[in-house]
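Since the structure comes first, as structure tokens, the remarks are kept for the end.
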């Protein structure tokens, strides 16, 4: 919508307001869908006693949540659904830093609303499973707190928890950069489907030890909801105060994964790693001039890079359509 | 087929008749396939005592039913296969209201025929499972009524049943609008495959409590068939007269899901939510003039919307080909 | 390869010979892959006692067999891999009848070779499972004949077996016509993937009662191999001489499924059902003139049919590339 | 990147270095991802005692590992991730032989690093499973060596092991050639997804007897790591010195599979099988002239081959973009 149209008196009021909020709206609804399906599958498997699903269902359910969350948000906000992904977009792909807090809040609120819906939908089933109306516990065989956020396996030390979350988040970001790299085998219109497989992969292959939170919003948001609705302080203390691990580790892991992809494989000039001095001159000389010199040409391999036109056939991502 | 060709004496009689009935025919066959596979998988899992499939097979089977139902009908009638989807097409996307009853009848008849075929195919296996020739029961461990239509989990109150069906139907419609939104990451030619994943997602993540009917035709049609073939009045009374929930709730849920998608994310001007006064002036001033004024231009974000030509590369849906 | 090039003395001998045999070669290798994977998965599940797979693996394995069989043969011979599909191509899509026996023989030989390879690969595991070197039995708990071809569930009457195979084959052909119909939602380059889902669907939803042979070559070929390698005459007599059902029923079922698709949904003029008198005049007046009059124009719905150019973007099937 | 740009003083140092090493870097990271996911899933299934996954998860996990390994490396190095695939590219598709050792080393190092990461991530869980800190065993019920590399089923003779690995590797290469054959139904942009299904197929249908190593780097690399970190000499001696089978058999099997595909189905003139004397004159007359005469024209079937332009729509593989 051009500015002329947005401010035209012909345009109804709500579309004009919505136009300003489209990106946070999209992240909110994407995250809501993510949790509605993701926490939903854990609820179903847990509360049915494994009769209506098993660990594999959980791996799929989270993949499906991401897939449909991305279909809801992808064409509008980019479909990050994860503050760590937003962070890496800022660091490595020139996504505006000022949007980071807005995205974070929208993601968190979306995940919290999703968790509240899952809770509302399974209230009576939780009563039955916990053994009485209003009983809500953490860490017992009949506990249901694990429906909403992750708790680590018992034998894990804090270092182990941290390492596990960092690896899973690094794989997440490394793969996201790979499937969006137009100079590599970009997934193009298959991207939401491939993200399903990616989350499924992380769940099936790297997910057992900590439950693969890999996302502050997905873990902290619903954890906050469980604290509010009566699961008590054990949601914070369990696993030696594990709750902060999925707050910090995903950012570190994703930043690391993105770093390795860009350092070794990425040739686009959006990444500071392809700038002179790897962009560090920007930090040192920040006040000297507005923008450090960037190389103008592209680092790709000329012989093998698919032409812009060819890419356009396979990608409906907005930035190649121009 | 142009009118000239349709009425040409050269055109054989049957193609001329069929031309008038293509849409209901397509919905009929799509729904028949849907139930043949969907009820088929439940029959196989139930009657083999879980040896030839489990709950996951059921989630997949319904997804596969929708997928191949949509492949059968999608290019002809749009492949709704669900009156609630037809309703939302009428409300939010300008689908002609006069087609609603025709689609509803075709969908219902298709589902009934599919259920009859599944029954015919498994008659002797049902006899074995129920414990004798002609025994047909509801709600016992050896009952087989659950093959054909949904029955809720026992602990569910009617409110809970209703809430659960509304949420599942809302997710269904929200996601259908998302994957068909050309300004978002439209699924294009992947649509039938993505619908498989959508139905699988609803089954795996939101399906346990009521069996995710989310479709009047899919639930009421086969239920009618079971009433006809001797399962008795318990098909209506079980679950505190649950049968009406999947008749009403899918419409409400789908309307709600469509409403949220259009209110927060959709910018196309087919949706009344993007008209002045959200289209309500149309209702109030219905008699005053034939059509309320609509905004002429599109609400999309100009910078990010993929061009029409680009979309055409990924979508074989008829409405973008012109 | 033009005739000029084929007969050019510059062209090496083998490519010239191969050019004449490309289609049967493709069907042979496609069927070999089909059975190598399909019988392979049954072998693995059976011989490992369900430890390395279960019924779902079998549904997937056959789907994967068809998928990679079609990738091997699809661009060369059409990838029928099933005489019933070849038959329907002849009846409804103008595929030359003279090729039918060639395809049938190639398919049968491919399936037999595949079964022999699976047998060779699992010889010692079969010895272990059957309880002794060279013991080969049918119908006992330790029997392994079911690895190679289908045997019906015990409670099935011959009528039931026949009905079940006819339905499954009809769904197969109906869906194959749907996903190849350029006026419907044609699967285009997704076709082999969608065929995986189709075979998976038939296995999961319609496969329990008879094991969904739905293919003379897939069932009779390996059955012949088991008879040769010592499984005895019970491969023919079991299930009240069931062996002839998967020889006859797939042809009838596929013809029926194709008939329904063309009668109600297909508008292309390759199908005799869209000719005057549904093509029957061709039979009655066969001697009168060489070819009955066919309608020249296409029966499609002009408003909704995607343009030829649009289709070309999604399909790499040869006939739309011109 | 043209040579002019690479050697331009404007181009930062690291991109200039990286440009020379892009292909081995890509193979390294692709293999690292492959093993991180593949060995990761076996670790998860083994160490959780089957609670967090089963044999099917393992089939999927390896498929997912290949898929994301190929997304990481495919557009840069071709995404071989397997020395046997590199070998067949050299023999049958004109891939430069001088790159073979470089690829082999990069693949081996990537697999070793991946295995080390999986080991680091699961160290405490392995301690718990093996029954004590630092205990590492092979071949017992509580052993964990099978997480990292393959061990054959007990009843297998060395011949049987060899035959099994040869068949699986032949299917792998045959299918890889099929899905990359632009004159057949080339998978194009779906290729990484189809490779997921291919590895899943081999695991589900051909993988039980030896664990489908089908790859020197994937098996020998991690085996070396286990020898280094204390699993002892049994990693070499188990299964009658089985370790050399997945070193030799994948090369033989892949070469065989590629041979059959090219001999019977491939018509492109990159393959020596389509040259005069099948390329053997090259060997005999190697010193006589620099290059044996090759047929200039293409062996394809002119009528059915899709045009180059059409292919371009579906494939983002580098070699069709020119």
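To keep things simple, chains are lettered A, B, C and D as they appear, and every chain counts its residues starting from 1.
Note that a contact is a pair of C-beta atoms (placed from the backbone, for glycine too) under 8 Å apart; a residue touches a chain by one contact, two chains touch by 3 or more.
This one's a predicted model, so the numbers in the text were calculated from it and none came from an experiment.
Because chain A and chain B carry the same sequence, their contact can be compared by residue number, and under half of the numbers here are used by both.
Rotation relating chain A to chain D, from a C-alpha superposition: 90°, rounded in steps of 5. With each centre defined as the average position of its C-alpha atoms, the distance from chain C to chain D rounds to 30 Å. Once the centre of each chain is set as its mean CA position, chain A and chain C turn out to be 43 Å apart.
Residue numbers of chain A whose C-beta contacts span two or more other chains: 56, 190, 193, 313-314.
Put simply, chain B touches chain C in their complex at residues 1-2, 5, 10-12, 14-15, 18-19, 22, 25-26, 28-29, 33, 36-38, 40-41, 44, 47-48, 51-54, 56-57, 60-61, 64-65, 67-68, 70-72, 74-76, 79, 117, 120-125, 128, 189-193, 196, 312-314, 316-318, 321. Within the complex formed with chain D, the chain A residues making contact are 55-56, 59, 153, 155-157, 160, 163-164, 167, 171, 174-175, 178-179, 181, 183-188, 190, 193-194, 197-198, 200-201, 204-209, 260-261, 263-265, 267, 273-278, 295, 297-307, 310-311, 313-314.
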